[in-house]
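Going in written order, the chains are labelled A, B, C and D, and every chain counts its residues from 1.
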Amino acid sequence: MIAGIIGAAGYAGSELVRLLAGHPRIDRLVLGSVSRGGERIEEIYPNFWGKISAPLVSPGEVIAAAVQSGGVHAGVVFAALPHGVGEPYAKACVEQGVSFIDLSADFRFGDDEAAYTAWYGKAYQYPELRRRSVYGLPELYRNRIRELAAAGPVIIGNPGCYPTAASLGIFPALARGLAALDGAGPGIIVDAASGISGGGREPARAYHFPECADSVSPYKIGEHRHTPEISRNLGAMRPLTAAGLGPVKPGSPVPVIFTPHLVPMNRGILSTIYIPLAGAWKSAGMDSVQPQPEETGEKLQEIRKIYAEFYRDEPFVRVLPAGTVAATGRVRHSNFCDISVHADRRGTTLIVISAIDNMVKGAAGQAVQNMNILLGFEESDGLGAIPALF
Amino acid sequence: MIAGIIGAAGYAGSELVRLLAGHPRIDRLVLGSVSRGGERIEEIYPNFWGKISAPLVSPGEVIAAAVQSGGVHAGVVFAALPHGVGEPYAKACVEQGVSFIDLSADFRFGDDEAAYTAWYGKAYQYPELRRRSVYGLPELYRNRIRELAAAGPVIIGNPGCYPTAASLGIFPALARGLAALDGAGPGIIVDAASGISGGGREPARAYHFPECADSVSPYKIGEHRHTPEISRNLGAMRPLTAAGLGPVKPGSPVPVIFTPHLVPMNRGILSTIYIPLAGAWKSAGMDSVQPQPEETGEKLQEIRKIYAEFYRDEPFVRVLPAGTVAATGRVRHSNFCDISVHADRRGTTLIVISAIDNMVKGAAGQAVQNMNILLGFEESDGLGAIPALF
Amino acid sequence: MIAGIIGAAGYAGSELVRLLAGHPRIDRLVLGSVSRGGERIEEIYPNFWGKISAPLVSPGEVIAAAVQSGGVHAGVVFAALPHGVGEPYAKACVEQGVSFIDLSADFRFGDDEAAYTAWYGKAYQYPELRRRSVYGLPELYRNRIRELAAAGPVIIGNPGCYPTAASLGIFPALARGLAALDGAGPGIIVDAASGISGGGREPARAYHFPECADSVSPYKIGEHRHTPEISRNLGAMRPLTAAGLGPVKPGSPVPVIFTPHLVPMNRGILSTIYIPLAGAWKSAGMDSVQPQPEETGEKLQEIRKIYAEFYRDEPFVRVLPAGTVAATGRVRHSNFCDISVHADRRGTTLIVISAIDNMVKGAAGQAVQNMNILLGFEESDGLGAIPALF
Amino acid sequence: MIAGIIGAAGYAGSELVRLLAGHPRIDRLVLGSVSRGGERIEEIYPNFWGKISAPLVSPGEVIAAAVQSGGVHAGVVFAALPHGVGEPYAKACVEQGVSFIDLSADFRFGDDEAAYTAWYGKAYQYPELRRRSVYGLPELYRNRIRELAAAGPVIIGNPGCYPTAASLGIFPALARGLAALDGAGPGIIVDAASGISGGGREPARAYHFPECADSVSPYKIGEHRHTPEISRNLGAMRPLTAAGLGPVKPGSPVPVIFTPHLVPMNRGILSTIYIPLAGAWKSAGMDSVQPQPEETGEKLQEIRKIYAEFYRDEPFVRVLPAGTVAATGRVRHSNFCDISVHADRRGTTLIVISAIDNMVKGAAGQAVQNMNILLGFEESDGLGAIPALF
């Protein structure tokens, strides 16, 4: 089995290289770059010396190699490119029977070109490609990926890093009716932190060490492009719940407030998610300023069970036991999403913490997970890394 | 003028030493420690070599030196001690005519011993001391400090680091009626991050470099002791607003959700504060997933003006212009609280970012500011440090 | 095949757990602790949740499990304990036919109890155990390990982290006669930097985040315990060279100057090694202050070839090409030792940079490598991690 | 008194702004930039909001303002520009009677244009300017600065950051005859580490957070441009010693091996300096591998006294007592150079650790110190910051 990577010289691309080089079902990697063809991957990433040695070829050569590997699903092409660049490659792939896993936002919005255009400022080049595309959050769309794959080559829109962490933290609450989404309140708030690698490999002021080390900086408040992606995910989670969750139409985007922060660490995304609890799940009101009552603790225990049960068969979601709080340092270099479940002092709001490695479950690892589903491999193939504490 | 410091060997104490050693009105520092008497400050803090050289004496000797410095307000004693330890020193000071600035929580709750006991697990030792005590957030209680000082020695309960950043970020919104606090919603959410120095000088697992570097960790979710302090501050801010802000009685604590995070940086506290906007300040509803409309921007501009106006005469609050987001790295080593004002995409929620240096405006600097007010100095004496970017 | 780990709760122990849990030839792990028996590894290291779940048992139970696994070399016991504690366990193992891989210094000095006692302040408990022990630097003693293993159970004294990086950087220079060791000069200087995890899991002032972040601190100058270990390694490398290298007797310790520094990073050891070049390898003297002449570059190229040739068949030593400088960030989480070869401006001194991950090649990884040699596995089994750049 | 700064938008320039804004003798700052004229300093450095507010003007306007401030020494111009750019500004200044303090390398080499050209690849534009220039290491050239200033405007070549730390650590050893510089050995080795701010404000791969955080990287081994500057300083220190120190002519450059490393911290330079001890100062030889003998300790104590005595009257050099090792974290934001004195185990080599804040004593602070000397102020005016531990 051949895997091709277009955009191998960037951070997400190089993580794909690292993960796929150790994948038991991939026999050959073909690495490509739009602008750095001719260079070698081990010169760009000297950490690969002695393990991976390959030239960067053109995107066309990557696709050609994958095509020549045989029929549908004998090869696959990944693209880790800027938004708005990869559609022609996607088109070439599916036309020649090869699936395409895209780490940009180009295939994350499906039919909803309007949303894509509103936030990314571009039109779809080949709208019809969305007929074969699916949003690659396996916990939500695993079956859809398989369905599409049964019918031919597939385009997977690999989720953004923030939307992955946020959505997995919120999914059980929506699916199991824990959330009060009556439209009046602020709804769900996702306060998130990212390691600096999320900014990519290109040097820039915001990622210059002296400007970001020893500081924490919120950015793009109220206007980050991952907001509509999270909103759409939340909408898709709602049909699973009982009818009557509120005025928002099943399937339509659920408003969310999303605030990202840059934190001086290499990797990781942490979401601190505030979900208003539905009536039955609220503790009795407490007006005075007292510590958290027992009642909250008991309801929380039940909610924790619901979360654990919800993700019981998921290979990459760990619902942590009471007393352990999710933190980015514990999922380092792994494909895990850690989730811990808490409440505010008064028991009005569910506070979910979710943590992922932004480059693995937030990008390349999830892409490999999608490939595994797509090609019928074990879902955890090549993703067995045990997180190191540091 | 003599300043004495009990607890000079801890981080907050050593910051007091650093700031007071450069204070133009303090002629003499007397440094004390409960447990390390006999050691020298420059041996415990070699960074002080050649600038500050002094033995640590007993708390009694610190108080005696301050007392001998002359009448009321000729000396002052600071205490940077664990909670529940300093009351006897406070008593000894005020009985002998010396003001006492306490960096623990012991005098932050005034008459409300019940709240203190509920969260700190201790009773007041000398409840009557609260008759001469005041909560030392100068922006809120500056005049009260002066009133008390006119009548004799004062005890100042210096605020916690998180409550300082959170309260300053919320104050104008409450005082100017921007917030909808109808009791139904989650109310105000304070999502905060702290540098590791907030944990003090005693080594512990959570602050051990390999456990906290390169990771972000929420902690004490729903149960951090600064929650009731913030709630009380918010209550005190409400009387300034027009009547009818909601069901909460003016002056009574305002519920708040507070989630602290540990971030791998030395100093700094950042609060990301979510305040539901009152009707007039909301943008018209937007259900679809679109970028922030102009309307939101215009209302925001007005709110920013209100904030700027509100803090116009404050020497240590900087309301940043549009386009600049508060970050801890820009207040480093200074007594500034930086505030930037934003909104969510739909214009339903005011998002305020406030940033302080946790050891300066969040502890020692604010204590010096309180001393300046108390003793009739220029409020910025000794606090002129220009923040370094790194 | 069973592997037992005594001291699994420390940092080195937990790295052994992480590596051995992914080892293709180890069927079962038995984890032990001297002081934390009864706790579970996944509670102490929540990063292991869902991957590794095991109670910590007593050292005796660890040994018993390994013994019951079958004859010689059907099981193995690792010990990651403080110095001076593990000899009884080593004795129990070898007496019952099980090999013992010790990460403390207790078996690094072989017959030379005097050196051990001089630096570690303890006597050997069972000196006779050294008859079956070998210093576990595979690049130097691989064959000796095999010889001993052929005759029964073996005790391996796993090298220190600094000595591993330093020795591998110096080995080819001594073995190929590049170094001038005439005894008159300062000899070889090893200036080294370590990440904070080298200090272990126990919190202490020196590893407290605010004390070590954003600073670099030399320590134990002229008196670090790894000095005699490096000296002894260098002595052992000399017999490989032509006769007449200088006054130091072949095999006797070679004096070395070793200065360790603490650097604010999680992992990694970097050695900057200064080796006086032997006459033939020196460039012609240059007294004026000019940039490096071409001649130096040419000799350097030859030396680089010698180094590359020397380590050609080593699975874990990477001699980097000209233009690439070894750095700790490129060996992260891998068992590699990266080496780059340079010279001073005048061409008098060979400057070798070597970099390892202190917890892997500097501790647990090398221990696994030793186990692989000992038990006849592929030397790289379980050690295939491709370094991530961050 | 007016101070003008050309190049105020860079890191060194902004540190000049920060320090001079708090200088008691500077009444007015005029900030200039070659390429960013028209922008405001508080927009480029939002940390300055509310403290410093000024437009960036052209270099010509900076000079004109300084000229108009009155006669010689009524104004001064600083330049923090790339190498090879500032000579015309220097010329304009001195011709109009204004002194010029240059933070580039252009005036560090005095008459020795050959050395400058060999390392910086440029010729002098106005060689004759060197008649009024002096190397601005106050501890070595304080009197020379005063002499020149008595005769008219002066050009000061402010030292490089590495040369400052290295030279101050070596100066007493050369001046007091502690060093054996017979030309045969490698001579003096300076192994140094720098915080990332040393690379300036322009984003680049090497300073991109994910590439440099959590790693230590040597660079420009054997070819860093600060090498000849250190060599020249050492030569200048030699005439102070007794005759016959070796074959190198008094005053001629002393060869030095210099290896810089990039360390993940914001600020600071640490030099670990290896100086071969002259015969009388060596301990008796020790061939066996034993810990450091008492004799070494005694000689070291004497050497420490010599160092302390040597710098007794220096306001910014702190020779630390036995038991304390210099570290960058203890000079943070101050103009101090901390020095601690050690030896190798065998007592053959003096190991000196020197630590500075690279942006203060290594750049802007030293420039202010030079200005103070030049203009007859107190040498410590504006440089009184007490180092914070973090």
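Here is the rule we use: a contact is a pair of C-beta atoms (placed from the backbone, for glycine too) under 8 Å apart; a residue touches a chain by one contact, two chains touch by 3 or more.
In this text, all values refer to a predicted model and were calculated from it rather than measured experimentally.
Between A-B and B-D, more contacting C-beta pairs join the chains of A-B. Chain centre most remote from that of chain B: C (centre = mean of CA atoms). Put simply, the C-alpha centre of chain A and that of chain D have 48 angstrom between them. Mean C-alpha positions place chain A and chain B at a centre distance of 38 Å. Each chain gets a centre from the mean of its Cα atoms; for chain B and chain D, those two points are 38 Å apart.
Counting partner chains per residue, chain D has residues 195, 197, 210, 212-214, 264-267, 329-330, 332, 389-390 touching two or more of them. On the side of chain D, the complex with chain B involves touching residues 14-15, 18, 21-22, 45-52, 197, 213-214, 266-267, 318, 320, 324, 329-333, 336, 338, 384-390.
Taken together, the chain A residues at the contact with chain D in this complex read 11, 195-197, 201, 203-205, 207-210, 212-214, 264-266.
By the touch rule above, chain B contacts chain A in their complex via residues 115, 118-119, 184-186, 189, 191, 193, 195, 210-219, 221-223, 227-228, 231-232, 248, 252-253, 255, 257, 259, 261, 263-268, 270, 272, 274, 276, 287-292, 296, 325-330, 332, 342-346, 348-349, 351, 353, 389-390.
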